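Structures incoming, each one as structure tokens.
Both of the next two complexes hold chain A, though its partner changes from chain B to chain C.
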Partner chain A sequence: MSAVEVAAVPATRGFTAPLRFLGSELSLIARRRRNQAGLAVLASVPIIVAIAVRVSNPTSSGSGDGGPEFLSSITGNGIFVALAALALELQLFLPIAVAAVAGDAIAGEANVGTLRYLLTVPVHRTRLLAVKYVGIVVGTFIATVTVAGTGVLAGLLLFGGGDVTLLSGTTIGMGEGLLRLLAICLYLTACLAALGAVGLFVSTLTEQPMGATIAIVMFNMISWILGLIPQIEWLHPYLLTHWWNSFGDLLRDPVAWDPLRNGLLSAAAYIVIFLSAAWARFGTRDVTS
Partner chain B sequence: MTAFAVESSGLTKRFGRQVAVNAVDLAVPRGAVYGFLGPNGSGKTTTIRMLLGLIRPTTGGHALLGERMPGGAAAVLPRVGALVEGPGFHPYLSGMDNLRRLDAADRTASAATAEARIRAALDRVGLGAAAGKRFRAYSLGMRQRLALAGAMLAPRDLLILDEPTNGLDPQGTREVRALIGALAAEGATVLLSTHLLSEVEQVCSHVGVMHQGNLVAQSTLEELRAEAAPHAQVHTDRPADAARVLRELGLTEVTHDGAGATGLLGPVAPEKVVAALVHDGVPVRGFAVVAADLEEQFVALTGEGFDVSG
Partner chain C sequence: MSVMSSRPALRWLVPAAAVAVVVGGGAAVGTLAATAEPSLPPRTAQQLLVDLQTARLDGLSGTVVQSADLGLPKLPNLSGGGSGTADITSLLTDTNTLRVWYSGPDKTRVALMGTLGETDVIRNGKDVWLWSSKANKATHRTISDADAQAHQLPNDLPITPQEAADKALAAVDPSTEVSVGRSATIAGRDAYELVLAPRDKTSLVGQVRIAIDATEHVPLRLEVYPKGSDQTAFQIAFTQVDFARPDDEQFRFNPPPGAAVEEETGTPEADKPDAGLPGHRDGAKTPEEAGLSTVGSGWTTVMVVKGDGKQAEGAEASQAAQVFKALTPVSGAWGSGHLLSGRLFSALITDSGNIYAGLVSPERLYEVALENK
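== the complex of A and B ==
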């Protein structure tokens, strides 16, 4: 067999082969009990929120009561259960979900010894990072949509739907409200995907997935904490988490695009920097696991 | 097409100041079953990791099946089946699903034939019945078999197997050795790392001996056996006289103790030795020609013992 013949094989199957490995990666993430349990926890928050509001304040007209954003609007329209849940889970629960999947990406494979076998298949290291990152992003989107979807279902069930009153006071139909919720999910996925890129990089540094996950969660928390210190306000726009809460701007009429655009630019910068770092680190690293 | 399936020149790996592999020139001919023998920690696995492109050599280079590595990895590694430092699989997936994942990662593997190839590989290592069990429930021997099945998912021209019989019971060991023989008979080249001398003697045509990061010997097994020089051993109650006779006949490295004398025969015919002893009136109680066995040779090469129970 000649080398040319061998080299021609990937070219002819180049279309389906990458998707096959990606499919395998997604099913690996989806079939892990730990990830399934994590998703159930994420989904439990909007249910708890909906029930708590229903039980405590069944006749409230939705006047501000000092609680977290969106919580007071729930009784007016069930869709706000989804928004309240997203706001509540954005600081810790959603980042933990991203960190669990991202921390596992390379370190998990190294830890169980599958990394050396994937690389000798061979899977090119750049391709492995690409497939792993797409897996993280898809997982992030599913996590976000799970929170929002469960929130909408629980909210509609307990409070009903109808026209949505935006933060700016205008009213839109339920259909457009759901579309805006989907846009929020996409925006938050982009934000969390930046954390996922940090996570993928951290995951190339170690063979301990749990250690990588903890480091990613700490990175996230430090970013939130720094964001609370007014004395370093100059730093705030550059923090990973600074623009995340701007998702509420998608609920104004007209939409306040500036913070959203900044948020997406910030996420893109983090993604480029940390994916490059992961590539630089993992592309040449000796795999001794 | 080169004559060598594995060829390295000056392959060297330093970890900090420690030299793990020192200027190794491997030459594994196509079609050979090459026993890569050495005590634990002699640099075998590090060499294998370099061969497969998992770690970068500090200096030196190598080629697999005529393709320079690591540049030719995408072209050549699909034709190479590997078992590196024990099995590595996802514990919560079944053996079958673990192989599906490996196959899905291979761009050159066809999805249409995947199930059939996976089945065939599992059957070949005797894991067909346990294919659906989770990997974490596998015994050490079953894990080792699954790793071998992973190395055989596609037709391979070269198999690089690091300690493939580790953890197997005697029956499993025999099966795996038969499997290696069958793969070689089908035309594959096999590079087999092991610390078991008996394994080399049973299945290998060629042998390379590693010691403290150096390749201290490399040849066919026959050549190495031929180098095993025969000794003459005389049992007598007059060892000193026997030793003198042996020296006079031209034997070298002559020694004697309370029970007799021994010497390296060289070109001297054994019957001449007996005749000379009798002629000189040395009472011969026993006489033997003893060739050093492979184990003694390896001990001489490496200064360490091998586990030969395997």
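== the complex of A and C ==
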């Protein structure tokens, strides 16, 4: 596994070594069957949404109130399949994808006994952690873009494109609509990367990748559940997931930047705290497997 | 790093420091914003009142956060919408974020932000548009000049601090004690604070505090405190404000393709509650039609709506029954009925169909009901 590949990397102090290490990490993530299957599941949601809307409601425009977000706009423009799918997958599916990769990062290597070989290569522990985290962030971005990209493709095939109606009722061209969708993907990647940082920390605590993954998903769900309880409203802005739905603010005219800025600040705070905690934990840990 | 290697436990100082910086930094910003009291040249309450009335506002744009904690029982959702759907009636409860643009009285736009939705009320000249992203529906109304005098928006709820302050100032008369409070910083701007307190101690209202921008003389925040409480029952404040005149672009609205467009004719229904009198939501008629009268004056005015004795029918009746279920049944020498009692106001709906409401305790309503029996 990765130990073998990394062992092939010459232990030089050159500039290319870290990049090659990252490359091997990324290809490791990409070649895992479970990750490929997970990506396929993520991509299936927008396809299901598009087909379901197409089959059940071929002519009428919008079903009014109720139902998941953006669903009523899909018949008008296929790009909304991507937005509906992102909104649907944001609570559980995307976090599970992040948790699967992040939980595996350290605990997975420890579990199959490759972690100590990795460290004897020699790869500095801090660099190993950094490469693992970059791998998580790239994986998160790919997951998000897969959902959005599949959604756009399925939507355009079944419903066609055209001008995009924003939440504020104004319309923009298709090109700008796609740009805003890309911005949403980047914003969600930043948000989910915060969960990835929590995950990397959890992954340094255990040698059971499954346990780490479950713990990360539970952390995510607890955050969502706490966000639903109105009695603890004072706590909500500090929850990991509180600002995730603010991606909709990129669809207003003009864009409401304040919630987005708060969301990025919140994500940055989580990333700094949990990455440094992961670094402290991993640096002091006895690696025996 | 060498210290870190020899004393690994020291590594934990780094995440600890990160937590301290993030939490401490956040708290420091919060406290600074909350307690910083700008030093402003003193102004009397009278001067501030004049400032408010003479303020000329060319335009502004900003974000307003409004929250209400009226201490009401949970009423069935009359509009049928779910939570977070950016519905106008949700202004009566919970916390809401609105974005406002103002460029003269005939060019206004208010956007109520839902989680992944938005409700816009846009007025541009004689056109008024109500847009709901969730329903994908736009409602258009053309207003006549007469309407234009009476209504700026098809809704009388105070959705900007300015409107809220206008309503509060309408109550300034000999029954009100006006004083100047501590100055404050709101949305990054220095502000004076005007404190209105009812002289009549039977009112449920303790204080109304209006923060006024020191240079633009525009209300930036309005807080209503119930008597004997330091928790606001109603608050509306700018969190961000810009006094530059917004672009005309903001007020242009064309219904997007694919949206349902509804043309509304005739005068709008005037049956919207005053700030904090949702007891009126039960009546489907305008107060004037339904025989509105008042008892008393100033802060302790009690509004009386004489019922026509007719029973509501169909959906209206079942809706009324649902509402009644959430209210407290009460009875006394005045008869019997249902009471809606909040932190700021009380409303009494008698079984004979009369409605009594005011910023007073239920006991005062019973007295009025007895007199009107």
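Going forward, the second predicted complex is superposed on the first by the 274 of 289 C-alpha atoms of A that agree within 3 Å, B and C clash if a C-alpha of one lies under 4 Å from a C-alpha of the other, contacts with A are read in each partner's own complex, and residues count from 1 in each chain.
As a working rule, contacts are C-beta pairs under 8 Å (C-beta built on N, C-alpha and C of every residue); 3 or more make two chains touch, one makes a residue touch a chain.
None of the values given here were measured: they were computed from a predicted structure.
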Three-chain arrangement built on chain A, chain B and chain C clash or fit: fit
Contacts of A:R33 with chain B and chain C, given as first, second, both or neither: first
Between chain B and chain C, whom does A:R20 touch in the aligned arrangement: first, second, both, or neither? first
Here the angle between the directions from the C-alpha centre of chain A to those of chain B and chain C, rounded in steps of 10 degrees, is 140
First, second, both or neither for A:P122, with chain B first and chain C second: first
Classify the contacts of A:G248 with the two partner chains as first (chain B alone), second (chain C alone), both, or neither. second
Taking the superposition on A as described, I'd like to know which of chain B and chain C A:A256 touches: first, second, both or neither. second
Give one of first, second, both or neither to describe whether A:A87 is in contact with chain B, with chain C, with both, or with none. second
Applying the touch criterion given at the start, work out whether A:T284 contacts chain B, chain C, both or neither, answering first, second, both or neither. both
Just how close are chain B and chain C at their nearest CA atoms in the overlay, in Å? 8
Where on chain A do the contacts with chain B and the contacts with chain C coincide? 284
Using the touch definition up top, name the residues of chain A that touch chain B in the complex. 1, 3, 6-7, 9-10, 13-14, 16-18, 20-21, 23-24, 28, 31-33, 112-124, 284, 286-288
Can you name the residues of chain A that touch chain C in the complex? 61-62, 64-66, 69-70, 72-73, 75-77, 87, 162-163, 165, 167-171, 230, 233, 245, 248-249, 252, 254, 256, 258, 269, 272-274, 276-277, 279-280, 283-284
Taking the complex as given, what residues does chain C use to touch chain A? 4, 8-9, 11-12, 14-15, 17-19, 22, 26, 63, 80-82, 85, 94-95, 99, 111, 113, 115-118, 120, 129, 131, 133-138, 239-240, 250, 253-260
Mind listing the chain B positions that touch chain A in their complex? 49, 52-56, 66-67, 72-80, 82, 84-93, 100-102, 104-111, 150, 157
